[in-house]
Structure formats: structure tokens, C-alpha cells
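Two complexes come next, and they have one chain in common, chain A, joined by chain B in the first and chain C in the second.
Coming up: the complex of A and B.
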């Protein structure tokens, strides 16, 4: 069997409002990415990434997220991430909330992403 | 580590509630992925999908169990944010004035902990060693933790701990304990109770195919019996019967004890045994208990045969036959018709004042067949020493007191019996193997009974399997030789087979006196190292007298081969220079029956096997009967209830086998013109040969379709009809004289069938018939056959004139006059090889009347399958009919059936046993008498009556000659 290879991307979410922080859920994140993905790469881009995009870890307190994508499309996603500026308008009563991601780390396994977080947290402090 | 373990469980301890942003870690596994089914799929999805979803969820959960969970804020707990909002419609509020560093640090710490746990967690089902890359794995690491890298040691040491003690309690007891003898015995006893195991069952079940209780053939046998050995031994068993010794455990025969005065029992027998067999039952030898009689048992009206019965009277010393003193009679009955037989016995016993009791479990009966059976018995059964007082020995506490007192009382008798035993066995052996003795006419007669006290045969069990020879036996026991020389032959036969066996209380004690196997074997081993008198003393201490009965059986077909009838079977004359393939010798299948007390079965069985007696099952007795071409119960007794049941079971299995194949792989019996391929239909052969036969064959399908006019088989059919009418004129003539049982109404109850199906079993009549036929006196044979009013079937031996092997269910057909013309042409053809080149006629292909219907049915079935998808409630039509008979008659009318047949070693050709309707036999004879060539020229190679035989799945007819038998 062919092994499906992935890329795990550790992100820091920067949000404008505490309200958003309260409602931080995987769906909000992926929705935001998808919207911008659609704008930048069109149908093909969003179709190739979005079905495989998943939020593996999310922490609302430390604002860290681990995303997972197929390795083939990781580059596309990485190019999209800087352009994400707001959440999907449909998510919160048709109002955009500003959001952006800081890409911290890209790895091949979730394990090394986790290891990075272990390393990173003290650094931040 | 403890902290880490806490985090594994994802219970993030809640931070202090003082702070404004008190948080709570929530476990929301389902929210973790976008791919996961979420709450929006709920009620609409069907149950099947739900299952799928749930299984996906389970898998997901399993995969994610060690991953840190998402940490989100609980919105409901932080409603105060909303209060802070200046305008509820606008989602803006003031930024907090200070950054909650402490909270953040706390949370970051937790996150690190969770991540550490996840990283350290060794995932899945891999062992510690498996997590290492291959080049770092070491074999020694599997048992020594220190061989592993440090990071894996803790994990490995955890895994190396064996499963906890609590799980062990539910486990089975270890095999060694389970296989201990006592445990095994207990378990076997438990299992044997409800299955009807014989004493030798365990020995057999390891080596034999056993009867299944679910098998209809053996359903009513109440015992599980060995059918045939597992090893490749068909021929070896035949050789054992013909030249050596075959041993069979026939303890499954039921023994019914009748007690009453002699007159009463006699009267009772008169009512259940047919007239012509009275002489054999009420013979003086039988009444005195010297001979065991074998007769056919009938129902109350004496016209329906039930089964063969062996009758053994208890010998009485006093000669007061007419007094009221109690006599005991044993009736040995086959298990298949046992219920039927006991019903009759009970009815008769109440009217005649005789009490009956079932003593089936009290005896073991072993059957020895073959010329060497005498010497095997002689070497295995060691006589008990009567001279010394058995009770005086100290270590003989296991002996039964009653038996030893009986022995002391009847010392002289016992001695005489022992002499008689050794003498008779020696005589029997010499009859078979010594030229001078072969000519002797005085032989031990069929059913002669001997009683003898023997020692426990386990004591003389040889270490290896050894073939018993007369020389070695005599050298071991010189007393045998003395006995044989001293004793007077005439006198020995007159000895009464008195036996303690007849007293049930003694029998009980004998059963208990059997020492366990381990006692005998260990003490025997101890005795091995002692010498001389010591040794004999030690072995004598183990000696246990066992009363046994020996019953002589002469050859299976010996009753047919009395002087005057010889040379009938096999077609070749029996002379001094006998051909090897001229059929079985007269004493084929002769031997002994050994009746043992209960519990002694295995103690005797294994020594016999060690003396090279080959063990056989039911198949062996069936086949040795077939070698002699004599009917075997219950297979070749279609007129009895047991025979009918047998053939019903046969029908069922054959049907199952036939219809388990796909239609394209089945034999089309319609094309072959085999109307009864699954079991013989006896009603059919009683029908006259004209139109009634066809109308009677209305089978399964509704109206038979019309045949195409142009088809070939039309011609065949008309030919057939012409032939049938010509043949039936002969029968008509006959039916004018006695038309009582010519036409039997086709709709009858099953019981009346059997009464109509009376088989000629009168041995004298069969013998005269054989004699007449072999002498060529056909006129008197016909008149004899016509005089038989009740019997409608004759059992016949089937011997193909040149080729062909009969098998069960094959049809016996009447040849047409054209067939004989063709036979003569082939026989006399100068380019041919005479008899060898005589092939029989061939049945033409027939038109399958149901071909169209079947094709239609399959098409309809296809359509229905398609329709079924549209509406499921369409009524199902029964299309796959499974007819038991086929509505196509062969060109040669069926006059009988073969019930068993096979290749026979003693003839080096096929042979079998079948049944033919008397009327048809008569018409066969009448036709053939008129054929001069057949009677004079051809009769040298094959004796008339000659019929045709065809197997169920072949179109080739074979000529066979028939010989009546019983």
C-alpha cells in the first residue's frame, strides 16, 4: 500500500477580538483558510486542499494550531496562509473578524510538530 | 511521570476560578476534524449508515486516543463578555487592560505537558522492540530489557509483565492435567452416556469412520458403530476374511432374554417364525442349547418378515423338557428393526406367559471371520487352570466369589469344556489347512456353541503384534496337544455348553472382577524380572477367570452349497483343480462369534488385535456377504421395515447428492431413460408391461409436453411399444392362470406394499429351484415358480456373462428377441472372440419431455430476478422442482432391481444381489426355453435365465445370468 504522506504545520493564530478567541473552533479556522484559498487558487486549489485539510490540534489559550495537509499540496497551503486575513463572513452573522496566522513550523510527522511546540513554548515565555 | 499520566487522560485541571478568564479543558474529540461526521448528520441517515459512521468514529477515536485534545473556551461560562458589550448587535467590546500572563503561562505549561505525553506515548500495538528500526533490533532484547535503548526500557519492562493473575482463573486447566487418565475416563463416561458408545468405541473412533446419529441410515441403531477403517484397507480386509482373520465388534446387536417354560417359548416361536423354518428352530440341538439357530422373524400373522434373529437356548442339565421349569432364551436382534421386533415379542410374550428383558448392555459380541480365526482364538484365549483352588490364593481378592464357587462345583465340567474347546478349535484349524483333514466330512456345524472359562488375555499380550501360528501356540501350551489327542472327537461334540454366564449375578461379579489396565500392566512388568516359579505365581495372582461363549459360524453361502447344488455359483464347475476366480470357497466367511461379559470388551479386543486379527466394520461384513452373493441385512431385505427405511435414507442421500450439483452437471435421467435413479421402485415392476406403466409414472411436473413429431425418439417409442406388447402377451398368458397379484393397484399404503412384496425365503424351495435351473429342467422350475402364490419377488445372484459391474439401484431388464439374435451373431462371429466380444444392446437417447418447460422456467426465473428489484412482494413461484422419478421408460421393460453390487475379488468380475418379480422371471424363462441356441450352445458359457442389466447412469445394457438365492 502506498503511504499517504502529510505535512503538519504549526501555526500561531493572531486574532483581533476576544470574541473570536471564545469561538475558536476548527471549523472557523478551516473556513477562513478555504475562503482565501478559493480567492487565490480558485476551485482547483480549494478542492485539492480543503478535503484533506484538518486541524489536528487547537489550543484557544495559547493560540496554537496544528494543521495537516497532504504533502503534495502543502506548498500551496503555505503560500495561502499569509494571505488569510479574516474569517468567513457567514460564520458570525455576516461579519468578518480579522485573523491572521503566523506559520511557526512545518514537519512531516505530528510527533515532530509536537516536539516543536514543546521547544517553542518556553521560548515564547 | 505522574503528571504526564494525568494529561494523558486529557483532564486538564481547571485553572483558578479567581481569574476573569477561568478556563476549562473540554474533550471534544468529535470536533477535532473537519472530515469527521458531525452533529448535522443525525436522524436523516439510515441505520446502516449510522453503523458505518459509528465505526468510523470508533476508529477515529482509537487513533486519536493518545493525541492531545483541543482546548477551547467554553462560551457559556463566559457570558460576562456579553455584558461588557456596549451594543449587543455590534460584537465589539473594549480590549482588556492587561494581558493575563499568568494564565497564559499556566496554559502553555499544560500544553507542553500534553505534547510531551503525546510524544512519549508509544502508539498502537507495537511492542517496544518493534518501535526500533530494524538494524537496531536485537534478539536478546526480547527477554533482557537492558539490551534496549534507555528511552524504551520503561515501556518494555511494562510490556514484559505477564498478564495479571486475575485473568488466569478463567483459563482452562493445563493440557497435561486434562489428559490424565482419570480425568479422561470421567470425560469419556460423561460423553458415552448419551451417545450409545460400545466398549471399544474409543479404540474404533480413532481408527474408523463411525456412524453418525444424524445419518438416516443408522438413525435407529442407538449405538455408534464403526463403518470402515480409516486406513487404505479394503482389499486387506477382504484378504483377512479369505485367508486370515477379521475381527468385528458386533455388540450393537440387541440381546433380548426370554424366560418361561419351554413349551410356552416354543409356542411363542411358532407364532413368529414361518412354517418352513420351524425345523431349524425346534431342532434337538437348538433346544438343548448346543446350537444357536438363525431364523427370520415375522410379525404376528407370519407373512411380514421383520429381521433375522439368532436364538440361543440355555442348556439344562436335567432332562425335564416338559416340566414347567424356567428356560432362558437369548434372541440377538439387529438394531435397525429392534423396535419393530420388540413390539412383536412383547405382544407374543404376554399371551404366552413369557417374560422378556433387554440384556443388550450385558454382553460383548465379537465376530471372527476367516480360516485363521480358530488359531487366533486359541492363542489369545488362555485357559484358566482349574486344578488349583482359585480362592485359596491370597492376592486373588478381585475374584468373584460366586464364580469361583461355581467352578469348584463343576470342576469336571469345566475341564471337559476346556478340552472340548482346544480340540474343536484345533479341528477347525486343521480342516482349513491340513490336507488330510480337508476331506473330513464331520465338521463343526453352523451355530455350534462352546462354553469355556478363559484367563484374562491381557496377561499374555505380546509386546509386538505377532501372527499366531499353530506351532507357536502348541509349543506354549503343550496341554492343548494332549487334549486333542486324548479326547474322543465324537464325544466332545456332545458336551453341553454349560456356562456360568447364564446366571446374571455371577455375570455382575465377573464384570466387577476386571482389574484395571494399569494394575495388570504394572504387575506384569514386575513379573518380567522374576524367574521360574515366582513368575508364574505372580502372574497367577492376576489370573481372572472369564466365562465366554463361542459360537461357530460356517460359511456365509454354505447353506446354498450343500451336496447336490455345487457348481451353480460362478458358472464354472467346482472341481479339485479349482480356479482362483471361481467364486468364494464353501467356507468363505466362516468363523466364530465370541460372547463376553460386559466391561471385558477392551481387555479382549486389544489382545486380539495384537494377535494380528484385522479389525473391520460394517462395510466388511457387507462386502463379504456380497462376495458370496447373499443378501445382507437390512440393505438387501427390501420387504422388511428396516430395509424400507434403509432405502428411504438412501433415496434421501442420493437426491441430495444429485440436486446439489448445478443442472448442467447433473445426469439427465430422462435422456438416459432411468425412471428410478435414486432408489428402486418395487411397485413399478409389479405393473403389467403395457400402458399402465406409463400412466403410473406421472411425476412432479404438470402435464408432459408434446413431443415434436419429427423427432427420432418417436420411432424409438413406437418400437418400444411394439416390443412391450409382444412381451406382455407372454405375461398375459401367465396372468390368466393366476391373476391375483399381477395387477396391484398403484395407490396403496406403505404397509400393504411390503406384504405384497413378499420375497421367496424358503430355503428348501430356493435350493430346489437352483438345482432345477442348474440341471436345465426349466419346465419344472417354471411350475415351481408358478406354484408360489404369496411371494412376488425372488432374490437373485447377478453374474455378468462377460463384462459389467453391477451397482446398487441398477435396473434388471427383459431382453427382446432381437437382443438374442444380436447376441448369437456376436457370439458366433468368426472374427470376434466369442463370449468376450458380446456387448449388450444400447439404450437410445430419449427425448426429455421437460426440456422446454425447464428452459422456460429458467427464463422466468431470470425475469423474476429483474422484477424483484421493482417490487419485492411478487409471489414466488416454485420452479426448481426436484422429481424423485423420471417419466421416461426404457425400451427394455424393467423387471427388477439390483440392491447391492460391486467388483468381487473372488470372481475377478462384477457381481451383485438383486430382486426380480416372479412373474417376470417366469416369462423370461418361458421365452428362453423356446430359444434352442440359447439353451444348448450358449448355456455352456452362461446359464439361463439371462436378463439385461443397466446401471442408472449408463445407456449400455449388459447380459447377466440370474441365480435364485436366499
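Coming up: the complex of A and C.
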């Protein structure tokens, strides 16, 4: 019985004023990660990780995201996340930092990642 | 150990916050650090090499940066946590010629800075840093491929003496070539040191270059450091570096005696009184005064 195992990474997105909140969509975020994966790990890294990467939860109010990766690539993805700064390729060459990610929690199930976010929600419910 | 100016265990450190600019820019960086969870910070001053062909000029060491007042948002976050932001002072001296060694001597003689860091550029200077000088941190620079080959003996002796090797992550985020150079340089060190006595610090120039402690620790896996040691580079090793810097200030003393705070039955805290300490020291009236070790 083959079971696909994943890792769910809970992130917080810290944005500068240059980044518009309505731009925070799953495609933008995975595109940004793919660009920096290509930069750091090259074609092998981006080709093996990008199709196995998806955004499972996105909350624009609290700036939190839950990403899902294959378990094999979780480690590699965690090393790339500190280097993500920009979202569009045109502005990539500038040192104009728009966003950065802050990893909060890594878990094997989406439920525990959701539980973590509920417990540590910065906004008071 | 309540009154010693040493940080507690289990906190996150950022031991390189450049403070060469105005106070408002520095405080912006500090708010970002506080927001991300750092609680101890060291404000740095950088001393570049001076290649003066004339005679020996008088050396002016920059004044240590004063304590920076935090912005309101940062103070609010700290108050909610019940924590405090400890600020240490640090100087980074760039050694490119033998002449620069006297800068190290003068800084140590002045004894104003909490931490002394050094950036060696040649093999001889690196070897003497690891074995002789009374410093705390050796910086591994990423702006160029290593001009020297780190030898096993030098690194081993540095580790036994309690020195730390520092890597800055913010230049890696800014620039691609610096990223490549730092990775190759630090891997050479990690071959011999296996990630022991490594420190990660950020020389962030804008607040958006700062990264959280967990992310910074994960960068170490790029340097072929074992995963169980990776968080030490942000917490445990940094604390040891601060303690090493503190021990340089205390002359030859190895024991600090203090009375603990006692919690009585009524749940009141009776603080350790200072009078009892004086009694202890008055008993040794015949002992000679502590000799200060000659600083190199």
C-alpha cells in the first residue's frame, strides 16, 4: 500500500508597504518560492519540488499560510524559505524587499498545523 | 545568578546589528527583531583596515554605541511577553596587515566593548587569532572566496579556547555571489568543526532583511551542519560567546557568590541581601588583591 506522505508548513508572511494585500494569492506565493528555488537549487531543485508544492490555507487578515510539500522535500524547502524576498521577476534584480516568510510550525498533518494557528493567533478572537 | 548581566538560557540572539547609522534606523531594525522573537542583540561598530603609508598615526577607537530606545510597538510586544531586550556592544576589527594587530590590543586595553570580533584576511593572522589573541568571535566573510585555507589545528585550538565562528546571513539574502562564497567558505570550516562553535548573525541593513530564528537555523543545513545542532547556532553558542566576553572583563575571578531569593511560607519573596556578601569578602582581609592578567 503506497501512501503519499506530506509535510505541512505553517508560515507567516511579513509584508512591506510596497506589497499590496490583494496580491496575496496562492499563485503569487508559489511563484515566488519557485523563483528562489531556481536561484538557489537550480533546475533540479525547482523541477522536483515545485509540482509537489501547494498552498492549502491562506488567510489575508492574519497573513498566515499553510503549505504542503512532499515529505522528502520538506527539508530543502525550509532552507529556501529564508531567501524569498520578491514576488515578480521584473523586480527580482533590485534589492527591493517586498515580503518574507517566517516559519511557525512544521507538522505531518494539516490538522495539527491548523490547531497551532488557532492557538497562536495574534488577533484576539 | 540574578544580578549578573548575562542572558538566560533558551533565548534567541542576533549578535550583529550594525549601528553605524542614525539611531532611528537602528531602532526600526530592533522592532523587527523583537517582533520575530529575538531577545538579545549586540550593536556593532566596524573598524576597517587603514593602509597608511605614512608613519604610525594615533589610533582612534570608535565609542561604543549607546543603548537604543525601542519604538512603542516593540515595547508593547515585550511587555506582553514579560521579556526584555538586552543590548550588548560589539566591535568588529578587520585584520589585513600585521599593523592592525595593535588595534586589537588597544580595544582590549580600553575594555569598553562587551564582545570583540575579528575578521582575518591572511593565513598567518587567522592562525594567530585562533591561538593567541584574547578575542571572542572570528568572522567568516562572504564578499570573497577564502584567501586562506583553515587548518584543522587552528580550528581545533579555537574551539578549545572558546572562540566562535560567525556567519552573517543578511548579505546572502541581498546578493547571489555572496551567497555562493559564504556557502563554500563555511563548508570548509564545517569540515573540521562539524558545526561546533558556529554562530549565525544577521548584518541586516534594513528591517526587511531580518529573518526569524528558526529560518536562520535552517540556513545551516546548506553548510552541511547536522540538524540536531542547527538551533544551537542561534541560541546556545551565542550565549556562550556573550559569557566569554563577560569573562574577559572579570580579571582572574572564577567564582561569583550571591544569596538566592527565598520564597517564604506566605508566598513572599525575600531578596538576597547584599550585607551578607560583604561579610564573606571581609573575612579574606589578608589575601592580596587580585592581579589583572596582562592583556596582549
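Following the convention adopted for this analysis, the second predicted complex is superposed on the first by the 111 of 125 C-alpha atoms of A that agree within 3 Å, B and C clash if a C-alpha of one lies under 4 Å from a C-alpha of the other, contacts with A are read in each partner's own complex, and residues count from 1 in each chain.
The rule is short, and it goes like this: a contact is a pair of C-beta atoms (placed from the backbone, for glycine too) under 8 Å apart; a residue touches a chain by one contact, two chains touch by 3 or more.
Everything numeric here is computed off the predicted structure, so don't read it as measured data.
**Student:** Have a look at where A:102 lands relative to chain B and chain C in the superposition and call it first, second, both or neither.
**Tutor:** second
**Student:** With both complexes overlaid on chain A, does A:44 touch chain B (first), chain C (second), both or neither?
**Tutor:** neither
**Student:** Would you sort A:57 into first (chain B), second (chain C), both or neither based on which partner it touches?
**Tutor:** first
**Student:** Between chain B (first) and chain C (second), which, if any, makes contact with A:82: first, second, both or neither?
**Tutor:** So A:82 only meets chain C here.
**Student:** Per the overlay, which chain contacts more chain A residues, chain B or chain C?
**Tutor:** Chain A has more residues touched by B than by the other partner.
**Student:** Using the touch definition from the top, say if A:26 reaches chain B (first), chain C (second), both or neither.
**Tutor:** first
**Student:** For A:121, using the defined touch cut-off, is the partner it touches chain B, chain C, both, or neither? Pick first, second, both or neither.
**Tutor:** The first partner, chain B, only.
**Student:** Starting from the residues of chain A touching chain B, keep only those that also touch chain C in the other complex, and list them.
**Tutor:** Shared contact residues on chain A (touching chain B in one complex, chain C in the other): 95, 97.
**Student:** Within their complex, state which residues of chain C touch chain A.
**Tutor:** Touching chain A from chain C are residues 36, 169, 172-174, 176, 179, 206, 208-209, 211-212, 214-216, 218-219, 221-222.
**Student:** Which of the residues in chain A come into contact with chain C in the complex?
**Tutor:** Going through chain A, the ones touching chain C are 14, 16, 39-40, 75, 78-79, 81-83, 85, 95, 97-98, 100-103.
**Student:** Across the complex, what residues on chain B touch chain A?
**Tutor:** Against chain A, chain B makes touches at 23, 31-35, 67-68, 70-73, 75, 78, 81, 91-93, 95-96, 103-105, 107-109, 111-112, 115-116, 118-119.
**Student:** What residues of chain A sit close enough to touch chain B in their complex?
**Tutor:** Going by the criterion above, the answer is residues 17-19, 21-27, 30, 51, 53-62, 64, 92-93, 95, 97, 110-111, 114-115, 117-118, 121-122, 124-125.
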